[in-house]
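Shared between the two complexes below is subunit A, which has subunit B as its partner in the first and subunit C in the second.
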Partner chain A sequence: MSPILLELIVLTLGLALLLVESFADRLNRNTIAIIGIIGLALVFLLLQFGGFSSTAVAGYTQDKAALFFKKFALVTTIIVLIMSIDYSDTVRKFVHGITPQAGIGEFYSLPILTCAGLMWMASATDFILIFISLELVTVSFYTLVAFTRRNPSSLEAGAKYLILGALSTGFFIYGITWIYGVTQNTNLTAIAKVLPSIPASDQNGLLFGAMLVLVGLGFKVAAAPFQFWVPDVYQGAPTPITAFLSVGSKAAGFIVLLRVLEAFQSLPAVESKLSFAIVLLAAATLVYGNLAALPQTNFKRLMAYSSIGHAGYLLMAVASFGALDAGLAVVVYLAAYLLMTLLSFIVLIIVAKNSEGDDITHFNGLSKRSPFLAFSLLIAMASLAGVPLTAGFLGKFLVFKVAFESQQFLLIVVAIITVGCGFYYYLKVVRAMYWQTTTGTQTAIPVSLLSTITIGALVVLIFLFGIFPQLGAGLLS
Partner chain B sequence: MNVLVHLTYLGPLVAAILILFGFAPRRTAITGAVVALISSLILFLGYDHTAGGYQFASALPLVPAWDLKFYVGVDGLNATLLFLTSLVALAAAWLSPRTEENLHRYMACVMAIAAGAAGAFASLDLFFFYAFHELALIPTFLMIGIWGTGNRQAAAWKITIYLSVGSIILLVGLIGLYLMVPDKDRTFDIVKLQAMAAHGVFTGSSANWVFLLLLFGFGTLVSLFPFHTWAPQAYAAAPVPVAMLHAGVLKKFGLYGLLRLALPLMPQAAHDFTWLLLTLLVGNIIFVGLATISQKQLDLTLGYSSVMHMGYIFLGLASTNLIGVNGAALLMLAHGLSIAALFAISGELRKQTGTLDYRDLGGLAKSMPLLSFLFGLALYASIGLPGFANFASELLVFFGAFKTATPGAAFNGYQIATVCALWGLVISAVYMLRAYRSIFFGDRPSRWVNVKDVTLGLGWPVVLLLAGLIFFGFAPQAVLQKIEPGMALFWK
Partner chain C sequence: MATLNDYLLASGLLFTVGFAGVLLRRNIIIIFMSLELMLNAANLSLVGFSRFHVRAGLPDYNAQVLVFFIITVAAAEVAVGLAVIVALYRAKQTTHIEDLNSLKF
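== the complex of A and B ==
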């Protein structure tokens, strides 16, 4: 059995749920989300225990990294759907249709289509396939970001994301054409074979193409200086979609980046220049993301800048591609990033719903209103800051380790400073929750059973990854 | 028997978890601390110094590919520190307030700090050595911010930023250390790393960088001048148990790290940067000492004095001979006991009077004879009068540091630093006696007439700490003979 089947199942699931949305008027829309969650969970189990043949199809690989990223996409989507259930009231407020439930079903089924795109991308090793799956992801995001269409900031976010997304696609596809022009190939495996025989006179064209691809991916992973869109889009988009963007979209960008870099390994002359560009990108991203996060007062915006900052650490690992565990470092960091970011957003959604706002001040006194949510967010923040015994630490540890191994001392110095900044701005949230007293509503915050289980599971996983590093080390085996 | 080492951190850790699940906070915490104290006492007494090496060790391999395991065990040095940890933890648990908002979380945090400190000392694996220390730091930050006094938020903020950045520098240094080992031998195992040092693995130019990272990383955690400014504010604002545990125990983690890793593994780099360490420690002793004199409140005086006394321990570490490092190790114990006692007393004083400002206090010896007696003993110990462990250890430090002279050569850096440190004793006598005078002697303002003295029922942990100081003051050999075999491997 080939894993392509799984993508087809997910795709069918998404389309089927859209049909249900259209024809079953009276069905409680949350049922759609639940069906989606169960369906994706089944696919996850199938992927985990299915036993897949590893016969390679042209342009479609099934290596360990691909399998990992498929699971990554599934878990992310499941948690995003769970968040969306908590968020559906807000969606309802900003989407008016003939029935009170109009649109909610689409809000639940579009992420599943995105998930199919992400899973496909994890396996794609042909530029055309990569491009198509990337577009499947991006186009569904265009819709989702602007989904709460009566909310002006959501519309603004949608417009910005559309324009900059289209621009980055342009860069990406133009880069592909240059690479194709030089190598006569779009398949990365084939490109890797052809590269050593490229004459020196053609290498500049190749480098130009690769740089364009890098720019296009830079937009996707939110690397400075291609990060302009991030804060506004993250703040304006519906919160579950923000979470999806910051985790799913970023992971997708990184898997593609790793595959492209892997192909270019066979031509060191170009690869070294490409690596140097990534070092610069990483340094700029680290500095920009972390420094700009310092003065933020809105939690979603803070998470936007922190997501830029984390892209910096990930790029730091990518820049150390030569080191033994660089791939593992990226994978572990992304896994940790998934857990802690989704945990932060799920808590944010619940708190924002009960506090009429998502500024950091709305978290004031959360430890009194809901000790459970406050503690969970404390763990998420500690993990994002990189405190040991949490998943985030293992990620940072590996990133520093591979950077040290490939002697990226510039990046290490920058990263030491930015980790310090990170402690500062993540602690702002902790301070609000624990050290400050509530100004507004004092009421306790109800948490639904499904959310409680999800939050609890994420907290436990963050600890498990932190305390038992073998879990992280075994992600690729 | 190997379960004993695990009990030293599991006792408080399990207590912390049980308290969060609703067990009686005070009783559970004290039980956890007693379990840790008994097991660490057995470890300390049971450590066979004639055999040497690491004993009571047990390891659980986690990532074989990286040689990462959960590995604990003791030699004389960390057995002593574990004993210190559990003794101070018991005192801190006993002296914690009985009625406090969210007492459950308060006591759970106190126990988490104790567990983290004990785990860090017990670990013989770099990963957990580092991780346990951070486990102790987080509740420290939170407690200062939530239950602190005075300018608690600013203090909590500052200590968090300083210590987090210090920890990251340390982390990078530790990764550097790990990567200096050739590819196939890489290990997180501290014992193996120490064995490799003999084969010259940690030399060359990278050793200098790694050493500096470790020095500043550990140094920030110990409030090495000029990275010390977080400490006085934080201790002044911290709740009493936190001040006791951090100043008394957790801060020693940085010194322990230097003594366990940086100095023995990279002696050449340590030698090359002696001038730097000597300069900074004189800053600790003289600059911070003078700053201490100008303090107007007891809590700030104690905070600054604890920064100042770190200078003496650094001097012992810098001396690079057996006498000096032995003295430094003993001083870690002595300082831990004395500063914990002092913070405990100042906490009781604040509880009774509501202020620690010298200008408001005076003549309290009449109202509080027992407290003033205990304070007197603790401050004599802190100054380093004979009969207390501080004296024995400071003496060793001075001898060790002064001895490092090249025969026939002119006055060298060590001797200058030693002379400065001796003058530092005068400084510490000045500010401690001044504190004693303005709080307990002189005119007694009428509002202090009815202040209640502490009872022995409350004050016995302080008595216990002071008894330890006197015991080790008369019998320093009890500790030194345990520490010596481990030290003698690297120093002569």
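== the complex of A and C ==
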């Protein structure tokens, strides 16, 4: 069976759900989300047990990393859809249509199309396919970020994301142009073969192209100094989409970055300069993300800066690309990041729906009102900060290990300081939940069955990864 | 006869003009036009490179296929982008980026 079938199934599912939404007026819109979740879960099972041939087609590979990132995209989208069901009341409030259900169906279908783009990107080894799948993801995100169109801050976030996303596309494609011009190829495998025979006079053009590609990807993964869109867009976008952006879009940027770097390994003269640029990016990102997070009072904005900080740790692993386990460190860190970030956002959506706001003060006294939610968010925050026995610790441990092996001592010093900052701002949320008293209502927050199961599963997985790293590694491979 | 360098120079100029437009102009529609200019700079240099990479007497058509993809993607981006800008204008009666300042801490 050809592995490309999976993407086609996901794409068909998304388009079919859009058709259902157009023609079945009376259908309860949550059914669309449930169908989507079941469909994606089936694709996940098919991917796990389908026995796909691993033979690579031109520009399309099906190696272990590709398999992992496909599963990653599917799990992220499933959890985002579960969040969207909880969030649908807010969407309904800000999208006025002829019928009371207008707009909800699209809000459930578009993430599935984004998922297809993410899955394609996991396998793409040709710049043409990388570009198209990246754009499939980005253009659907433009729509989703600006989706709640009667909410001015969502629209503003959409416009900002649109301009900076298109700018990064411009840099990315111009970089591809120059790499193509020097190597006469768009396929990364072919480029890796041609690179050693590039004359020294042409290497400047190649370096120029590779740097532009790095800038374009820097926007996608939210690396400083290309991070300035992140806080505004994360705060303004609908919360499930913020979660999707911070997990899916970042992972996609990193897989492309790894593939491009892998191709450039065959030309050390250019590769060493690229690695140096990535070290600088990683240091700037770590410092900016973690220091700017300190004074934040809005939870979504805090998560935005935290997402920049985590991009820094991931870039640190990428900068140590020569080390044996660097790829594994990126993969484990991303898996841990998925669990803890999605867990934080799912709790945020439930709490924000109940208390009409997403500032940290809205979490005051949560431990008295809903001990389960407060405990889950405590686990998420502890894992994000990197407390031992959680998934976040395992990820940070591996990142530090590969950085040590490739002797990135500057980065290690910076990262140790920023981990300390991280403890301060993540524990600020914990303090609000456990030590502050609420002024508002004291009643427990209702949580739907589906969300309870998801939250429970995420908490269990965070501990499982942290306590039995071997088990986690087994799940990943 | 124009050489490859002439094409690259023209495309570099287009890219710079586009980037400068994004940085300096304050109207979102004009910024959006400048972004399209940057994509077209990439198209021009791709076609230039393709024309001068002769393989078996023919230009290398890989790059020209990529150009068609870029044109299509740019069209999709414009479709979504203009919709967002129109919705923004309806909500705020403005297309100036100085007025987009409600998201700050």
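One rule holds for everything that comes next: the second predicted complex is superposed on the first by the 471 of 477 C-alpha atoms of A that agree within 3 Å, B and C clash if a C-alpha of one lies under 4 Å from a C-alpha of the other, contacts with A are read in each partner's own complex, and residues count from 1 in each chain.
Note that a contact is a pair of C-beta atoms (placed from the backbone, for glycine too) under 8 Å apart; a residue touches a chain by one contact, two chains touch by 3 or more.
Values in this document were obtained by computation on a predicted structure and should not be read as measured data.
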{"item": "Partner chain(s) touched by A:Thr169 [first = subunit B, second = subunit C, both, neither]", "value": "second"}
{"item": "First, second, both or neither for A:Tyr424, with subunit B first and subunit C second", "value": "first"}
{"item": "Which of subunit B and subunit C A:Val20 touches, first, second, both or neither", "value": "neither"}
{"item": "Touched partner set for A:Ala102, first subunit B, second subunit C, both or neither", "value": "neither"}
{"item": "Contacts of A:Ile132 with subunit B and subunit C, given as first, second, both or neither", "value": "second"}
{"item": "Of subunit B and subunit C, the chain that contacts the larger number of subunit A residues", "value": "C"}
{"item": "Partner chain(s) touched by A:Phe397 [first = subunit B, second = subunit C, both, neither]", "value": "first"}
{"item": "Complex contact set, residues of subunit C against subunit A", "value": "8, 11, 15, 18-19, 22, 28, 31-32, 35, 38-39, 41-42, 45-46, 49, 53, 60, 62-63, 65-66, 69-70, 73, 76-77, 80-81, 84-85, 87-88, 91-92, 100, 102-105"}
{"item": "Residues of subunit A touching subunit C in the complex", "value": "127-128, 131-132, 135, 139, 142-143, 146, 149-150, 152-153, 155-160, 162-163, 166-167, 169-171, 173-174, 176-178, 180-181, 184-186, 231-232, 235-236, 295-298, 301"}
{"item": "Subunit A to subunit B touching residues, read off their complex", "value": "382, 385-389, 393, 396-397, 400-401, 404-405, 412, 416, 419-420, 423-424, 427, 430-431, 434-435, 466, 468-470, 473"}
{"item": "Of subunit B, residues touching subunit A in the complex", "value": "62-63, 65-66, 68, 127, 130-135, 138, 141-142, 145-146, 152-153, 156-157, 160-161, 164-165, 168-169, 171-172, 175-176, 178-179"}
